[in-house]
Amino acid sequence: MNALNSIPISYYLMFCSVLFCIGVTGVLIKRNALVILMSIELMINSINLLLAAFSAYSNDPAGQIFVFFIMVVAAAEVAIGLAIIVLIYKTTHSIDIDILNKLKW
Amino acid sequence: MTILVALIPLLPLLGFIILGLGYRSIPKRVASILGPGTIMASFILSIIVLFNYLASPIPHPTFYHLAPWLSFSGFSVGFDFLIDPLSILMMLIITGVGFIIHVYSAGYMSHDEGFNRFFAYMNLFIFFMLILVMGANYAVMFIGWEGVGLCSYLLIGFWFKNQQFNNAAKKAFIMNRIGDLGFLMGMFLIFTTFRSFNYVNVFDQAKTMSPGSGTMIAITLLLFVGAVGKSAQIPLYTWLPDAMAGPTPVSALIHAATMVTAGVYMVARSSVLYVLAPETMDVIGVIALATMLLAAVIAIFQNDIKKVLAYSTISQLGYMFLALSVGAFTGAMFHLMTHAFFKALLFLGAGSVIHAMEGEQDIRKMGGLKNTLPRTYWTFLVGTLAIAGLPPFSGFFSKDEILAGVFSAGQSMWIIAVAVTLMTAFYMFRLLFLTFHGSYRGTGHPQSQLHESPSMMIIPLMILALLALAGGFLNIPELMGGKGILKEFLAPVFADAVKLNQAQHLLVPEKREWFNIVLVIFLVLLMAWMAYRKFGMQDAGSRKRETGNRNWDAGSRNVFIRWAENKFYVDELYDAVFVKPALKLSEGLHRFVEIRFIDRIVDGTGNTVIKFSSIIRYLQAGHVGVYMFFMIIGILLILFFNIIL
Amino acid sequence: MLTLILIVLPLLAAIGLFFVKNERWARNLALAAALTEFGISIAALVQFFLYCHCQLLFRLDWLANYGISLKFGMDGLSMLMTLLTTFLVPIIIYTSFSQKIYRVSSFYSLIILMQAGLIGVFTSFDGMVFYIFWELTLIPAYFIAGYWGGENRIRITLKFFAYTFSGSLLMLVAIIFLYSHTPLPHSFDHIWLYANNLNPTEQLWVFLAFFIAFAIKVPIFPFHTWQPDTYVTAPYSGSMLLGGLMSKMGLFGLIRWMIPIVYPVLSRTDGLFIIIPLIGIVYASLIAIRQDELKRFVAYTSIAHLGLIAAGALTLNSQAMQGAMIQMVSHGINIVGLFIIIQYIEARTKTTSISELGGIALKAPRLAVFFMIILLGSVALPLTNGFVGEFLLLLGLFKYYWLYAAVAGLTIIFSAVYMLWMYQRVMLGNTNLVTENFTDLSWREMIPLAAIVVLVIWIGVAPGMFMHLAENGVGQIIGVIR
Amino acid sequence: MNSIISLSVLGVLVLFLGILKKKTWLLPLILVGLLASLVMTVLHWNLNRSLFHNMLIIDNSGVAFSAVMIFSTFLIFMFAAQYYRKVVRPLDDIYAIMIFALVGAVLMSYFGNLIMLFLGIETLSIALYVLAGSHKEAITSNEATLKYFLLGSFLSGFLLFGIALIYGSSGSFDLYAIHTYVVEHIHPGLPPMFKAGLFLLIIGLAFKIAIAPFHFWAPDVYEGTPTLLTAFMATVVKTASVFAMYRFFSIAFFGIHGVWEMTIAILAGITIVIGNVTGIYQPNLKRMLAYSSISHSGYMMLAMVAFSGRTANALLFYAIAYSIATIAAFAILILVREARGNDYFGSFNGLSKNNRLEAFTLTVAMLSLTGIPPLAGFIGKYFLFAAAIEQGWLWLVIIAIAGSAVSVGYYFKPIISMYFREDQGILLKADWPFKIAILFLAILIILLGILPFLVSGLI
């Protein structure tokens, strides 16, 4: 606990924000659906960490409980996501997101 | 009495309604009774009204309120009639002459299939004309004012198969409308100044106003614009000659005897206002002189029998306005009356000639008709002498009175007036001689086949001839030991005007007056003689050498004459200055302003949106990456503006 | 109560008609409904005169917490307009019988629906309810013009709808804005709206919003370009509804809703806004001269006439307003008459191009007479309905500023020019191939024209009753302004 | 609360029926179940209480909105039979997932705690990802689901980040707790971290509501998704998210309009412009409806911007008016697609000849969406405009009416095709419950326009 407290909260904030931004950048620059999925996971995990930190600092369990919720939901989301990607691969034999632009304008 | 007075205009209206509704079913015989009958009836009624007026111990104008018309709080105009000497005189002229002409028409139009329609229109015209003169306020006068315009339109275009006639009719109506706008504005100004349209109220208040005030001048000028349109003065006179397209009785009734004199009546009616605006009087004088001169000149060079009479009408109307401008209101009315007689007579005579010649109107193709149409000839001669102003015919007295008035007002005007008198004499005698003297130059039928018109037409001629002969005695000037019955009769109407009249008139010694009279008579006779020398003995052979008079043919060497024959190209001028530009403008506005500008702006807005849409939709590129990119930009912007700033 | 019946009856009739399958039934029912409506409006008129001109008021809360209430009533103006509507609609329906129409039931149910909307507009005394009915009339008009219309109707009617709808939206904003500036508790009741507390700039904006909305509807130059095309493409009944009644909605709004609310703008701008319709008068008259398509011709003439009415109303001068109200009635009657005649001509000659016609008067004297009388009405000859209104309008304008009257007075000359020339080319002259076997009017055809002509002359000769109604209407408005 | 339970149970039941291969019982059961839970929801009226330490707050606005959503779902299910006529396999999975999505939506309308909000949103979204792709063999469907999934999870990341930041600064997920924090810190001013959280939260919801510039998914996904489910997306999802946002502004962020109103206003303006202007160019009705729904979310933001006691009412009415009109439009769309294979405006030509009822319904729906009185859509718009003008957002209202004027350009396309263009002579075949449903919708639209006080006075 003390070890945790010895690091100021702002560090956590910085760190998580950086992680989050890395995730966002990954989503933006990658064209591969799987990689994008992973980047999104990265974003979510940075948030988890942030929440955990906050709850630790404010001695309030709610944050950490919320983290569990997020994990569950994220898992579900990933499951769906992978299913979708498989589906796409079946039809297009590729998981490049730019192939799919029938729907536009 | 009210009923009687109301009946005077209503009877002709009734006639119109009956003839109009049954214009197919009613047989001609009935129509030829009904048409003139109603007029006769209202003529008799008018006479009763006259005696009723004279009979009353102290003759006074009477005011009849028949029905409300436009009336609400603070504003009331009713169908009101005013019976005073002026309106009585006009009523008598209208119904009297009208009746005679109706009778004549019954003969003249007998072969026309539009017989009933014709009488319906004629009755309607009489109705409106009576409304015009009987009305007790300007609004009611305006009803008649526009109504007679309508009837003249209908009757000029009576033979509507012919588009030329229709054009003439349209021209007449539109030119009248131009005048009417002026009249309307005048009315509005009267209302805004005096808060009433009633003659009595208006004049009573006007009397208190100082002469020459701006409003007064404006009012009188605006009203006069109306008169100019209606009485065919410069610049709105060109419709009258074209109006001859109508049947000849129409020309006689509307375009000679009654309607065209409405302007004169209106000015005389508003004499109080006019004497309070000397400037306007001068304007009227100038226009009158110019008109009578121009018309007379043109008349000399016309070869259409009706056109000559038309221009002479214009110049005679000029006479009347001249009289008004010098304040000789009685003289104007007097001349109006006598002119009604002899001009109607002349037109009907011309009609009889045309009737005999089966529609031929070119006097160069006539001649020597006095043997074939003797009665027509004699009556026509009376008319000519009357208009030429030779004693003892009516024209002499009326013209003399006007000339006397003009002389006392100013020598220069007098000289022009006399000049016009002489021209009048000249072209009238030219007309007479070319038509009736010399030898027959007709192309259509040999002279032997020509026949005198039926008595149905001749009797009216004779009655009118009688009037033209005797009409003058109604108002023999004191100079000749007369009492001036008409003057006394009309005196109460013009009393105020005479009292208020500023223009100082120099006293003219009797000797001088006599001299003038004799001089004029002598010169007129001279003119007659000249005309006889020139046109009196044209024989058939001379048609080749000089059809009528060669040097007066179009394309002759003398520019002035060519211009005169072409009426100085005024019609062409108007056409070029007003008609054509208006049409061009209409085209241009529609094609360029309407379609290419206003509508294009409207459609443009719509098209711009669609264009914008066709561009903006490319934002929806279809690539997830792009969407994410835009969203991130959005997020960053929002955070930037809200957190950093 | 009668007022409510006047609105509800046609609504029900319209719904009922929609389901009538049999064509003949649909026709007769529609006519019957319209005539009943006319009868009721006469009853309303009687009641109006009997009971001290009380506004036959009906009031019912609708959205109480938003200050909207169904408030209907009749003052002189509403009465005049209602009578005009209930008089014209039967005529329009009757004349449409001779037309070839498919989907009869929908056609007539739309016409009756439109009537309901019109009466709602003319009798509502609540700003929002007024707006609702205002829009309600637009839908039937759009469908009538679009579904039964002529060539490239789709583009034209969509333009018509979008244009007028945009104008109305402006008005909507203006009304709501007014509402938020009414004394507490806010309300759309006309008295509240009259008693608004806008500052001068807000007044100007509200004025502009209203003015544009109404100017588009009337239409007033330069917002008129939708109108000629629409008149041409719409079926005759549609053109009659548009020209005879819908245009009056705009003027009505001008008089009932715009002037009493934002009249200070008019006095402040010192007649600036009167110039716009004045330009319109001259402009439209000039254009009308050279139009060859009869409906288009009528469209332009009506722009000119309506411009005069608008100009007169904007002078805030009692005579002019009185004239405006009378002239609204007269114009409605005359333009419908003209459209009926054009319809008859087209039915016989299959053309509405002036240059192809001629000499009809020879073949059809009856038609010629009716045409001439209605024509005289619209050139404002004394003793016809046109004159009464135009006279008062010009007088009012003259009082306001003589030059305006002079310019507006040009219509007296112009109307003579274009009307007579048109008449000459259509009716007079000799017949040609198109018109040589032109049959005269049958009695059935004469009935509506006769009704119209009777009114033309009645209003012209004895306008007493109409004057009285208009006076009452003017009283309401002037009362507010003073 | 009951409704949440009952709906969940219903979903499970549906799945069981699927296992038992009782295809024919499916829809009746669902409709009855939905009605039942609708009743249960309504029974919560005026019972204002919060459950599980403010995890769920049951108040009238929540009840009303969840009722609206359940009702919309009910209507959509009315058309399910017609839509899936040709499909032989039991559709229990799809129906069940729809119901679960509805549970998520209801959860969103009751949440009193950010955790509940998150759960609601995710339940809804994940279900929708599946539904969007439920047309497995159609590539457009695949594309739709992929786009929706990627963008959705991406944006929910931001939402979460926002939640985290708010939690970090306020130290709680509870709306009221956050409100107390806000009230304390309103002076001297909220810390940037909190503000950032607030806006990220708003953005997360804005994505679900499809507010520009977070609207890009809507047109593509709508077009690709099976029509029946598009209707669900366009109505239930939007309603739920809008209400969630409202709940934030009315409880957690109450009293700090100054912070967010201008942002929302600008977003609303952009949304209205983009939605309406782009809508004009669309060749087919489905995509056009997508843009229409975008523009309408813009209009709803008007009510947010002009936040007042009446906002909930205005939003509720607008949501209802919009939902029923949109559902009606989609219903006709289903028919036309079935009969003519596509939904380009051309395939509506002459519809009014043989299918008067269908044509009439679609016309009413379109007019209502345009905002023509006396239809529900107009009243809804009026409430929004009135609120906005009273709060002095004149420029925004001007943009809004300009948008409405433009919207005539596309809402009238189907009307013109159905009435003014010549017939193609194809007859639409609809079974009687379908006909009754659309007639009911048309009448409802008109009725709400004439008697708006039925709804407008509720909350």
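Note that the chains take the letters A, B, C and D in the order they are written out, and that residue 1 is the start of every chain.
One rule holds for everything that comes next: contacts are C-beta pairs under 8 Å (C-beta built on N, C-alpha and C of every residue); 3 or more make two chains touch, one makes a residue touch a chain.
Bear in mind that the values here come from a model prediction, so they are computed numbers and not experimental data.
When the partners of chain A are compared with those of chain C, the chains appearing in both lists are B, D. Farthest chain from chain B, judged by C-alpha centroids: A. Chain A and chain D have CA centres that are 27 Å apart. Per-chain CA centroids place chain B at a distance of 38 Å from chain C.
Here the CA centre of chain A is 100 Å from the CA centre of chain B. For the pair chain B and chain D, the distance between mean C-alpha positions equals 79 Å.
Within chain C, contacts with two or more other chains are made by residues 162.
The residues of chain D that reach two or more other chains are 146-147, 150, 154, 219-220, 281, 409, listed in rising order.
For chain B, residues touching at least two other chains, in rising order: 606, 617, 620, 622, 624, 628. Contact residues of chain B toward chain C in the complex are 20, 23-24, 67-75, 139, 142-143, 146-147, 150, 153, 157, 160-163, 166-167, 170, 173-174, 177-178, 180-181, 184-185, 188-189, 191-192, 582-583, 585-587, 589-590, 593-594, 598-599, 602-603, 606. Of all residues in chain C, those touching chain B in their complex are 159, 162-163, 222, 225-226, 283, 286-291, 318-319, 322, 359, 361-362, 365, 369, 376, 381-383, 388, 391-392, 394-395, 398-399, 402, 405-406, 409-410, 412-413, 416-417, 420-421, 424, 427-430, 461-464, 467-468, 470-471.
Those residues of chain D whose C-beta lies close enough to touch chain A in the complex are 114-115, 118-119, 122, 126, 129-130, 133, 136-137, 139-140, 142-147, 149-150, 153-154, 157, 160-161, 163-164, 167-168, 171-173, 193, 219-220, 223-224, 281. Listing the residues of chain A that touch chain B in their complex gives 24, 27-28, 31, 97-98, 100-105.
By the touch criterion stated above, chain B contacts chain A in their complex at residues 617-618, 620-625, 628-629, 632.
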